[in-house]
Amino acid sequence: MTINATGVYYRQLNEQIRAAFNNGADEVVVENVCGHRYLGTSLRSGRIVINGVPGNDLGAFMDGAEIIVRGNAQDGVGNTMNAGKIVIHGHAGDILGYAQRGGKIFVQDSVGYRAGIHMKAYHDHFPVVVVGGTAQDYLGEYMAGGILAVLNLNSGDQLAAGDYIGTGMHGGVIYLRGTVEAYQLGQEVGLECLEESDWQSLGSILGEYCTEFDRDPAQFCQGDFVKLTPRSTRPYGRLYVY
Amino acid sequence: MNTPSCGGPPGKSMNRRDRGKDIGGCAISGIMAENGELFSGELVMRSIANMRERANGLGGGYAAYGIYPQHKDHYALHVMYESGQDQQTTEQIIQQNCLIHEAEPIPTHPLHVIKQRPLLHRYFVTVKPEQLERYYDLSEDDIMANIVMTINTDVSGGFVFSSGKNMGIFKGVGYPEDIGQFFRVDEYDAYIWIAHGRYPTNTTGWWGGAHPFGLLEWSVVHNGEISSYGINRRYLANFGYYCTLQTDTEVIAYIFDLLLRKHDLPLEVACMAMAPPFWAEIERMAPEQRELARTIRTVYGGALLNGPFSVVVGHSTGMIGFNDRIKLRPMVAARHEDRLYIASEEAAITEICPKPDVTWHAQGGVPIVGKLKNGAEDSAVAQVAG
Amino acid sequence: MKRIKINEQHCIGCRLCEIHCLVQHSKSKKIIKAFREERESIVPGIHVEESGYVSFALQCRHCEDAPCIEACMTGAMYRDPETEAVICDQDRCVGCWMCVMVCPVAAIRRGPEDQVASKCDLCMEAEIPVCVVNCPNEALVYEDDAVR
Amino acid sequence: MKRHPYLIIGNSVAAIAGVEGIRQVDDDTPITILAREPHHTYSRPLISYWLSGQVDDGDMFYRPEDFYEQNRVDVILSQEVISVDPQNQTVQTADGHRIAFDKLLIAAGGQPIVPPDIPGSDADGVFTFTTWDDARNIRDFVTQQGVQQAVVVGGGLIGLKSLEALVELGLQTTVVELADRILSATFDQTAAELAQTMLEEAGVTVLCNNTVAEIATEDRQVKEAILHTGQHISCQLVVFAIGVRPNIQMVADTSIAVDWGILVDDHMQTSVADVYAAGDVAQAPALLSDERRCIPILPNAYRQGCVAGQNMAGADQLYRGGLVMNAVDICGLPTISVGMTTPDNEDCEVLTALDEEAPSYKKIVLCDEKVVGAIFVGDIDRAGIFTGLIKQEIDVASCKELLLTEDFGVISLPTEYRKHLVSGMGIEV
Amino acid sequence: MQLRKWLVEPEFRIERDPEKCIQCGVCVRQCANDVHEYDEEEEVVYSDSTNCVSCHRCATLCPTDAISIRPFPLEFRPNAVWTASTLRNLYKQADIGGVLLTGMGNDQDQPMYWDRMLLNASQVTNPSIDPLREPMELLTYIGRKPDSVQFERIAGQPRMTTQLEPQLQLQVPVMFAAMSYGSISYNASVALAQAAQQVGTFANTGEGGLHKDLREYADHMIVQVASGRFGVDSDYLNTGAAVEIKIGQGAKPGIGGHLPGEKVDAAISATRMIPEGTDALSPAPHHDIYSIEDLRQLIYAIKEAVCYSKPILVKIAAVHNVSAIASGCVRAGADVLVIDGYRGGTGAAPTMVRNNVGIPIEFALAAVDSRLREEGIRHQASLIASGGIRCSADVAKAIALGADAVNIGTAALVAMGCHLCQKCYTGKCNWGIATQDPYLTKRLNPNIATRRLVSLLESWALEIKELMGGMGINAVESLRGNREHLRGLGLTNRELQILGIKAAGE
């Protein structure tokens, strides 16, 4: 079913979307979205196709649904998301995937600051974020689990991510395509080459990315990527006097 | 206008600075003709005089509704001044904001037991059209209330003690029957009369602090003390009411004004806000009533009047007798034909109405309501005109 | 009947129950004296079992079909008709250890100098057994088994 | 003829348990006991303690003096039943009375075995050791004849307890055991050796793989025992303690089925309705075995009697099966053996711990991760736990390595079992 | 390996009365710091005071009262500037390096303003009310209130059209402060939840998630969302009675929380939804809140997630311009504002922060209440005061200053047995409260702890009723914000002014 968001406040829009799914819809297409916040909050199932620019906290606490954005997204995509999938055919703003515990977020182009901050995995929850373009500073801060991949596809010589990558990181893994300078890394992160097992898990994620955005997976090769992992699961274990 | 209407210099009667909250015991009496029939203040004077033991000569007063039919569309401002200077300042404020249709000293009768009286004047006014335009978001009542607040807050020696239409408050330091004589209350005819004899305990009493307390059409006489005064006052401040008199009676009038005029609550609901049922009672109510009571209590906690009190509240179309919810102060009511009587003691009613149709003791938190019958107000006016 | 319920998850292994049981069954009933002079001659009717952080204080369960009563050849082991507690009359016990053999929780011990059986008597002389009274964490609760 | 609603033959543990079982269900219907012996109910196992003087007359009684009155039992002493007529529901006594019953409990116990083919076995000074009267006779004989030496035939439980009493009386004693060790029915070689050492330290001569072939007499008085091997042992007293045979003559040739003892089902009822049997006379279902067995030990007798009594009074109580077990204090060395202690089954696993100094010996027999037997010598404090494990057939795989440790206890057991025991109020055994 | 701490003398000394000690070993078994030791050869208990934290566990359980604990008698040369604690801290840091850590609330000798405010009582003119005889109402609804209640008149009959926004009903205006499962033991969490349910108030999960076994108490639990978002998912938000966004904490304003990995066992891991053994890092800022409108964004994200069915609390630390912040929070949509004063407790805080950052709750509360009233938005959010509420008089004073209710943390812990040894962060709480060690957590029987918490709240309720009765007030709403019933003692004019109260005698 289709909902026209023009002139509808986000609270009512969200009510309409929830009602549509409660009434058995599998997919809701929302037209003319322009800054409507919290779309898909807490949703467990169904698929929302958004035409336009959704507002902040898209898919917050989302728990299994799927969101396709045909356009760019703003800040806070997938805030504390638990499960599901968000695909953005464009770029996204800051704090994408904050405290994301599960599900996948695919961004065709670039993302802003603090993407993947506090991402964490638990049991069968395993969050994945793939950014097609570049990420700005503070990528993967306090990251505690999951996979963050930045593919640096559109930017020529630019570095895949900004500074302070992985500060406070104590779990999970970040894959960056291209080079990383030492000064870019937070103290708690170690830089490595990919092993075969890495390439396998990254490969399937890249495959999914390519399917979503109609790209050629053959353009990626293992040697183009570097891997960032935490040096310790207890980054601040020795900070205090007892 | 600069001279007091009777002998003796105005003095400390107006000094209200640095006073604590007034605390006192009192006598109250109210009579209403629900058919709008006007009757002389002599009746209520006799009633209140019957309860002389309850007063100590430090305050008495009356409110009367229907006394200014010729000015029934004008606010009747009763103002007391400490000095001519105060009068000037005050009148400036009034003139800035109002059209003064008539101004005069309040007629009084010299009485040697009445001492240290202030200058007493009355003005019949309406708010200037340009002010109404300027404050388009406020009603005339709101603007008038603000003017009264301004005078009472900003002018240390000027005090508006009555500001309703077609009604007036007369009060001062003395026994109520003396105050009545002083203000020549027996010469006025009204359809509601409310009287008060005061027994303040911790202040010597001042003219403005006597009861009834009034704001716009509201007048309140009160026996007891409001323990919740501190929060009632702060609650009212949220809505632009600033209590200047440090008397708990003041908050009662404001709360009535807020709940009935501004929030447009039904009278019973407003009384419920001020003296709500206990939570345990609320639990036992039918669902709809319970939801109402719960909501009112939850929202209007700041309006709950706590502590021992009995009040009689007058307004243009009625009179309300009202007790705290555990009935710590006395109140008796009676009806005879179209008249409703409310008093602290039954004798104060039988004094003036020996054989009422029915007499009853008030129930805590349950208002006793007198209402003008349909068309009665017009008939009251018509009587005078006739 | 009123029995002592053992809450394993609340036992903190302090052994105050053993200490107070010993005192209660001493002659002096004074803790310091009992420990100084009688410690060797008293076998408490309650024993704390410990394994890692798990512990509990175990005493006679006063079973309904008490196997120790059935196995006792002298009649020393009997059920008190009033309290329904299983009591060992040490004057009649000859130390055959049949009761030890059949007690599934090993709550009966060879008593002082290994002569006669010794076990919990639910502190017949006290209103509430002292182990219960002195358990700081209510790991032992004295309650009617109707509560069960 | 007066009919007796509940008639019990016998006056020992099974009979008393029968009374107590009936009374758990039925408060007032009268009960009648027919007892062969002249005594108020007394404890048979106490006779060795009585003989040694450890227990005096007053402490021999199994139940308080007012037991019969309290339980409304009509007890008829010195009245031996010689036959039971299940068809007519009557019993016949030795002095010719016929007594009718509604429900009958046969708790007639057993008869000590005296080999008839041993010359001299009818001499003065030859005794068995099962009743108080046996003990009295021995004591009188010892006192009157100034007995110095005694031979006990049989190194089983009764033999050893009689030995101990005789040693207490100051006699020089010898025990002759046919098997290769004493207590062979329940002890393995190691345990038996520890026990034998204790006996020997107490002055007892232990002769195994041997038996008395003849009792030499003089004036019908015992002079010496002549063993199979030809050895002569001078003695004035011989006690036969080679076993007990159930008293089943009274039901011979009736419809009541018998084997070694009277066969009963798991309600302790014989093959004839309303006729029950319990105690040493009964051959009842047994734990760890598919066959019914006579296990003549006190705890079984009590349980059987109690179950029989409850069922006679209308309850539906199950007898879960007897278990071979024994607690014996051998000259100050406490021992306990339970269940299958010397397995013939290849699949059984045996855990042992031996400390000869202490002395202390523990043996646990496991079959399919369940305990089926155990021996404790010296340190017996926790033996009861194993009895429970055997009865409840608990899988102990999770705590197997703890079974023999010093601090093994209820806490070492599987949590579920522990919860049942510890958090539950009482334990059904 | 623990190295010998040079220059650090013991803080306490164990004194064992040899006349009384029966060598029973209870103290040995009760000390998680290995202070007492039983020497089997000599059959004697020895004590080594070095590690004693003066938690009193051994002394409390000693059956003969043979143990007493005193401050170590060796004193530094008196010096008002370089005090003993200053010197000890210096030695410790010189030894090991790192940030000084402490547990529980600020213990510095700074003025207690509660103690400098006095409550009123009625005499004659306004009678006291007898709380034993007359109804005395403490019931409090927490949540956003409308300006007024609306009615429509159908055929002259008024019918209420206002529907209240979600409220929390408190039988006693005292809630349990946020204490996470992880910082406190499971048993302590259970006790708080059970007590809240029994009394009719609320416990608070803190940022540690909601243990699955605590879901049965969820209608008396407030679930917290902090920057780490531990255990936060849609279910969690929808399970609690209300959701609290933690912005700050009085004990350590501007500082986050670290639950060390060694405390993250299986159950905590499941509750927080993080892998076992990893640090649970919860930095001070929410990374999606860098301005007040971001707070609004999160508040409404949560309101959307719970379909506007639950009140949203915002908890802030009492800091210098708290009233402006509070106003912002209320305008951002907070239905309840929790203000945590600088005496608030914590499991672990940097000592310097705890002792030097923030302001007393008394001032913060007074300022916020006044500010919100000035702005006419006081009714839009309920105010909860927390941080060092020690007794029912503190509660009554807080309410009179303007709080709707208070939160108690330390007082609740003390009710459960805490002896304020301030070593929560070591995980060796001998009272089984601030620990995850299964040997120690057993020491807190949740049923006992529940009973004690219930008793505490019930006795406070009685006392508050007594105090109210004395003031001639029989409903708590008449005490709330009623500063007429407070007078200051020994306060400067400026302090009186901020507190909005008169001086005693006025």
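Going by the order they are written in, the chains are A, B, C, D and E; count residues from 1 in each one.
As a working rule, a residue touches a chain if its C-beta (ideal position, glycine included) is under 8 Å from a C-beta of that chain, and two chains touch if they have at least 3 such contacts.
Small disclaimer: the values here were computed from a predicted structure and weren't measured.
J.: Without counting chain E, go through the other chains and collect them into connected pieces.
T.: Remove chain E in thought and the touching groups are A | B | C, D.
J.: If you take the chains that touch chain B and keep only those that also touch chain D, what is left?
T.: For chain B paired with chain D, there are no chains in contact with each.
J.: Approximately how many whole Å separate the CA-defined centres of chain B and chain C?
T.: Chain B and chain C have C-alpha centres separated by 80 Å.
J.: If you average the CA atoms of chain C and of chain D, how many Å lie between those two points?
T.: Computed from C-alpha means, the inter-chain centre distance equals 28 Å.
J.: Using CA atom averages as chain centres, what separation in Å is found between chain C and chain E?
T.: Between these chains, centre-to-centre, one finds 43 Å.
J.: Which residues belonging to chain D are in contact with no fewer than two other chains?
T.: In chain D, nothing touches at least two other chains.
J.: Which chain C residues sit where two or more other chains touch them?
T.: In chain C, 7 touch at least two other chains.
J.: Chain pairs that touch, all of them, please.
T.: According to the stated criterion, the contacting chain pairs are A-E, B-E, C-D, C-E.
J.: Under the stated contact criterion, what part of chain D meets chain C in this complex?
T.: 13, 17, 43-46, 49, 54-55, 59, 61-64, 298-299, 302-303, 306, 325-329, 334, 336, 338, 380-385, 387-389, 391-392, 407, 409-412, 418-419, 421-429
J.: How about chain E: which of its residues touch chain C in the complex?
T.: 19-20, 22-26, 29-30, 61, 63-64, 432, 437-439, 442-445, 447-448
J.: If you look only at chain C, which of its residues touch chain E in the complex?
T.: On the chain C side, the touching residues are 7, 9-16, 19-20, 31-32, 35-36, 52-53, 134, 136-139.
J.: Going by the contact rule set out above, which residues of chain C touch chain D in the complex?
T.: Chain C reaches chain D through residues 3, 5-8, 47, 49-51, 54-56, 58, 61-65, 67, 70-71, 73-75, 92, 94-106, 108-110, 114, 145, 148.
J.: Going by the contact rule at the top, pick out the chain B residues touching chain E in the complex.
T.: Going through chain B, the ones touching chain E are 20-21, 23-25, 201-202, 224-225, 227-235, 237-239, 262-266, 269, 276, 278-280, 291-292, 294-302, 304-308, 325-326, 328.
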